[in-house]
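Please go over the structures that come below.
In what follows, subunit A forms one complex with subunit B and a second complex with subunit C.
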Partner chain A sequence: MKWKGIIVPLALVVIAQAGAVIYGIHSDSLASPWQILRAALTLLTDGTLWAMMRQTLLAALAGLLLGGGAGLACAIVLGLSPSLSRLFRYPIEVFRPIPSIAILPIFLMIYGFGYRMEIAIIAFACFWPNLIIGQAAVAGVEPRLLEVSRVLGLGFGARVAKIVIPAALPRLFLAFRLAAAVALIVAVTVEIAMNPQGMGYELMSAQSSLRPDAMFAILLYIGLLGWSLNAMLLFAQHRLFGVAAAAPPT
Partner chain B sequence: MSRAQRIAWTLASIGVGLAMIAVWQFIAWKKLVSPVFLPGPVQTWRALFDGFSQGQLGEQTLETLQRMVLGWVLASLLGMGLGALIGSSRAARNYLGPTLEFMRPLPASAMLPVGIAFFGLTKSMVIGVIAFGSIWPMLLATIHGFAAVEPRLVEVGRMYHLSRIEFVLKVAFPNAMPDILAAMRLGLITALILSVVGEILAFQGGLGSHILEASRAYQSPDLFAGVIVLGLIGLVSNLLLSVLEDTLLRWRRT
Partner chain C sequence: MNRKPLTIVEPFSPDAVPPEALIRFDQVSLRLGGRVILEGVDFEMRPAEFVCVVGPSGCGKTTLLRLIAGLLRADAGTVTYRGKPVTEPARDIALIFQDYSKALLPWRTAAGNVSLALEAMRTPKAERARRVTELLTKVGLAQHADKYPTQLSGGMQQRLQIARCLAQNPAVLLMDEPFGALDAMTRQTLQDEVLRLAEAGGACVFFVTHDLEEAIYLGDRVIALRPNPGRVAQIFDVRLPRPRNQLTTREDPEFLRLRRSLFDFVQEIEH
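This part shows the complex of A and B:
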């Protein structure tokens, strides 16, 4: 069953290579699989890959922690208080659909190029999934557990740390996983659109310096990074929570 | 909750929104944040109003909307068509599924450089990339919806001697519809983001270049006006789609 999935991409690569060998490629936009592989190896061995990957991952991680953390904090407060969540319902619904890329020029104006601008945009993008899913998760915590915490006389901090977060953890992890995917996508997008660092920028500059082999190699690495990040977090989710986190957010 | 209570909460929530605007006005008025970066709501409103009445904001909004909708419609049609083809054949699912799953997490914007390399920075290239980038949710939702048809429904279809096309139209598509509609929402947001990225890169009209130019010139009221319009596009299109979802999925409510 599993081997069937590999046939189509493999066949495409073989056909592309055969075409390149038979017809010969002298193009600014195409490269043969062999050339792409060679460019990928060069990137890997001369350290370029690590440098650009570190920049992208650092920005993505910082934005994820900042935005996700803020989203989680707001989610807990709003999830525990039905009146607050009703009060903030419309402001949230108005802010949420702002596409993250639209605030790029704002932070570009404030911070200029570099990490801070990129991190701020990623944080904005990661805030919403954590807030929306997290709020639903916290609001869905079994009310009797909260009654228990009241009977035990737990303070707000203890109630959150000992009852709410453990009870809502599977769904909170789901929110984190989605936000992590968003963080990587936004990081690469910001780098492609504007910020001169990281994998997105290297992809863009490989294109503009007419090096299709390097361009496709970087694209391949971006794909691999996104795929393995997703696979790792999915594995962790299944391993840690099983079906508890699998229910789709409604 | 009674009807009156619900209305009261709605009004209170809108009040919170207005209070936030008041805080914004206060910050701008006291210059707690430099006015270069943060214009007041009054200034922003004026920039918005002037932009639409005298400037090019209306034109640019239409341009962005057109690009977004065109790319999204293309992606929806292709996504559903290809999804139906792949989803209704077990062999196609086995052979193509892993490749598609591998490509899904790829940031859609990463296809822009490839598009530029092949076709140059043209308008139709940007629309092509928008379509390609936002096709994934629709494609995968359709495949999944087709693959997950309740076996008893398949048996019913066989009992009625439904042809393959009839089965697709009468059983498989309605079955996949909730997933497809949810995916179309996601796809629309992706299409909007990609349109803006394309406009920022190509620098040729649309709200993307509007906000970029405003930020380069430190015209924060114009910049905020553009961001607000983009937010409104997201908000309104989302609302329209949820209305569509409610109408189309009415049969499911029992």
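This part shows the complex of A and C:
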């Protein structure tokens, strides 16, 4: 009964539209669903959408790959070595809780405005979920399988590639999906706060030029982008990485 | 298959020249977590010998096996394999775990699981498929090559693990209560298969079990351990003809005599 899920949102939109028509909204902060839809169409047709989406998506994906990839690599090393994991416990505990937006001034000084600053902050933010969840996933790999790999005489590289990663894959994907959500949040936040590009910046421009319809339309597109990012990762997990990835996380 | 046929009635007749020991425990002691697990363990295993180890739980059966496998190191004394101290796992020592479901890679098919051992040995890719088929045929799983472990029964999964170990061309097969979780019928079938495979491959087998009859049925010798701390209590020579047979061997007066003395012995330990 999939269609049932759509009843409530549809009803709310209809009510909002009815309210706007009946009472007539002339507001600097609200727009009727119809106006929002028209603004969304304009953004789609005049190319603004693609330009701003490309900027945000590019930064989010680059940051996700850099930070998430580094987090994953560290997670494997720390997950396989209890002594290294103990050694790095406190540094991690100290750096991890720093809100990623708080390091914006530092990266702004280093990189100035533009992609590099935004990507660096996103990478910082994506590093942690992959490190923490990845480490737990690797440490949770069935010890028997690691013994099997030792007895068979697999080297370190083969052990990671053939045993550890496949065994931890469902949870590694979970970590990547969380990190993807974080990447988008941080990208838009950085754009709203400082960086003059992407969807966050356009959102702020619409707001400051008193265009609530465009503002809500961009918000809609940000939501759509986040949803499709997650859907793409889910698709990759279930279709592109084989049996190991498709198993439920354990 | 260049092994002498195993129809010898008395495998170790006293006047025969004793073959050189393949594995030797020399005053081996081990502590884990402050507890003494093994103390002063001494024994030898000859090539192609089938040794079973019995004893109450906590007597260090599995620990002995893990020492040979190179997964553990002795605190005192030495474990030697082919005259050299064991410091890490060797390619020609294979280990079969009791919990087959945990020891198999659930994301690989039966063929893929066997292939893992070949990949570890750097068998050329072109040769692998042929070897995999050969090994799966050996354990009767040829038709199940494309199934995943979860699609196989317990007995078949254990067979698959055995096939993976045979891929290593082992000179030593270590088996840690391999049939403990299987039903009686499957267990008997697999006992005979292991005997057949060990004979054909000329491998020395170190077989841990808590089933005394299984130990007598399979072994050339049965080592009985005593707990707290684990040490060798007694070694029983099994002078039963080979090939063994589930019915006649188990009815043999010598089998019954051994069974009696092992049972008495274990009762004595436990009280």
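Following the convention adopted for this analysis, the second predicted complex is superposed on the first by the 220 of 250 C-alpha atoms of A that agree within 3 Å, B and C clash if a C-alpha of one lies under 4 Å from a C-alpha of the other, contacts with A are read in each partner's own complex, and residues count from 1 in each chain.
Here, a contact is a pair of C-beta atoms (placed from the backbone, for glycine too) under 8 Å apart; a residue touches a chain by one contact, two chains touch by 3 or more.
From a predicted model like this one, the values you see are computed outputs, not experimental measurements.
Engineer: Fit or clash for subunit B plus subunit C once both are placed on subunit A?
Structural biologist: Aligned through their shared chain, the two binders fit side by side on subunit A.
Engineer: Contact-wise, after the overlay, does A:145 reach subunit B, subunit C, both or neither (first, second, both, neither)?
Structural biologist: In the superposition, A:145 touches subunit C alone.
Engineer: Once the shared chain is lined up, is A:69 touching subunit B (first), subunit C (second), both, or neither of them?
Structural biologist: neither
Engineer: Go through the superposed model and pick first if A:227 touches only subunit B, second if only subunit C, both, or neither.
Structural biologist: Once the two structures are laid over each other on A, A:227 reaches subunit B alone.
Engineer: Contact-wise, after the overlay, does A:206 reach subunit B, subunit C, both or neither (first, second, both, neither)?
Structural biologist: first
Engineer: With the two complexes superposed on chain A, say which partner A:158 touches: subunit B (first), subunit C (second), both, or neither.
Structural biologist: A:158: touches subunit C, not subunit B.
Engineer: Go through the superposed model and pick first if A:188 touches only subunit B, second if only subunit C, both, or neither.
Structural biologist: A:188 sits against subunit B, while subunit C stays out of touch.
Engineer: Who does A:19 touch here: subunit B (first), subunit C (second), both, or neither?
Structural biologist: In the superposition, A:19 contacts neither subunit B nor subunit C.
Engineer: Between subunit C and subunit B, which one touches more residues of subunit A when both complexes sit on the common chain A?
Structural biologist: Touching more residues of subunit A than the other partner does is B.
Engineer: In the overlaid three-chain picture, find the nearest pair of C-alpha atoms across subunit B and subunit C and give that distance in Å.
Structural biologist: 8
Engineer: Using the touch definition up top, name the residues of subunit B that touch subunit A in the complex.
Structural biologist: Touch residues, subunit B against subunit A: 9-10, 12-14, 16-17, 20, 36-37, 94-99, 102-103, 105-110, 112-114, 116-118, 189, 192-193, 196-197, 200-201, 207-208, 211-212, 214-215, 218, 220, 223-224, 226-227, 230-231, 234-235, 238.
Engineer: Inside the complex, what are the residues of subunit A that reach subunit C?
Structural biologist: 142, 144-145, 147-154, 158, 162-163, 166-167, 169, 242-244, 247
Engineer: Okay, in this complex, where on subunit A does subunit B touch?
Structural biologist: Spelled out, the residues of subunit A in touch with subunit B are 1-2, 4-9, 28-29, 86-91, 93-95, 97-106, 108-110, 181, 184-185, 188-189, 192-194, 200, 203-204, 206-207, 212, 215-216, 219, 222-223, 226-227, 229-230.
Engineer: Can you list the subunit C residues touching subunit A in their complex?
Structural biologist: Interface residues on the subunit C side: 69-71, 89-91, 93-95, 97, 99, 102-103, 105-108, 116-117, 119-121, 148, 164, 168.
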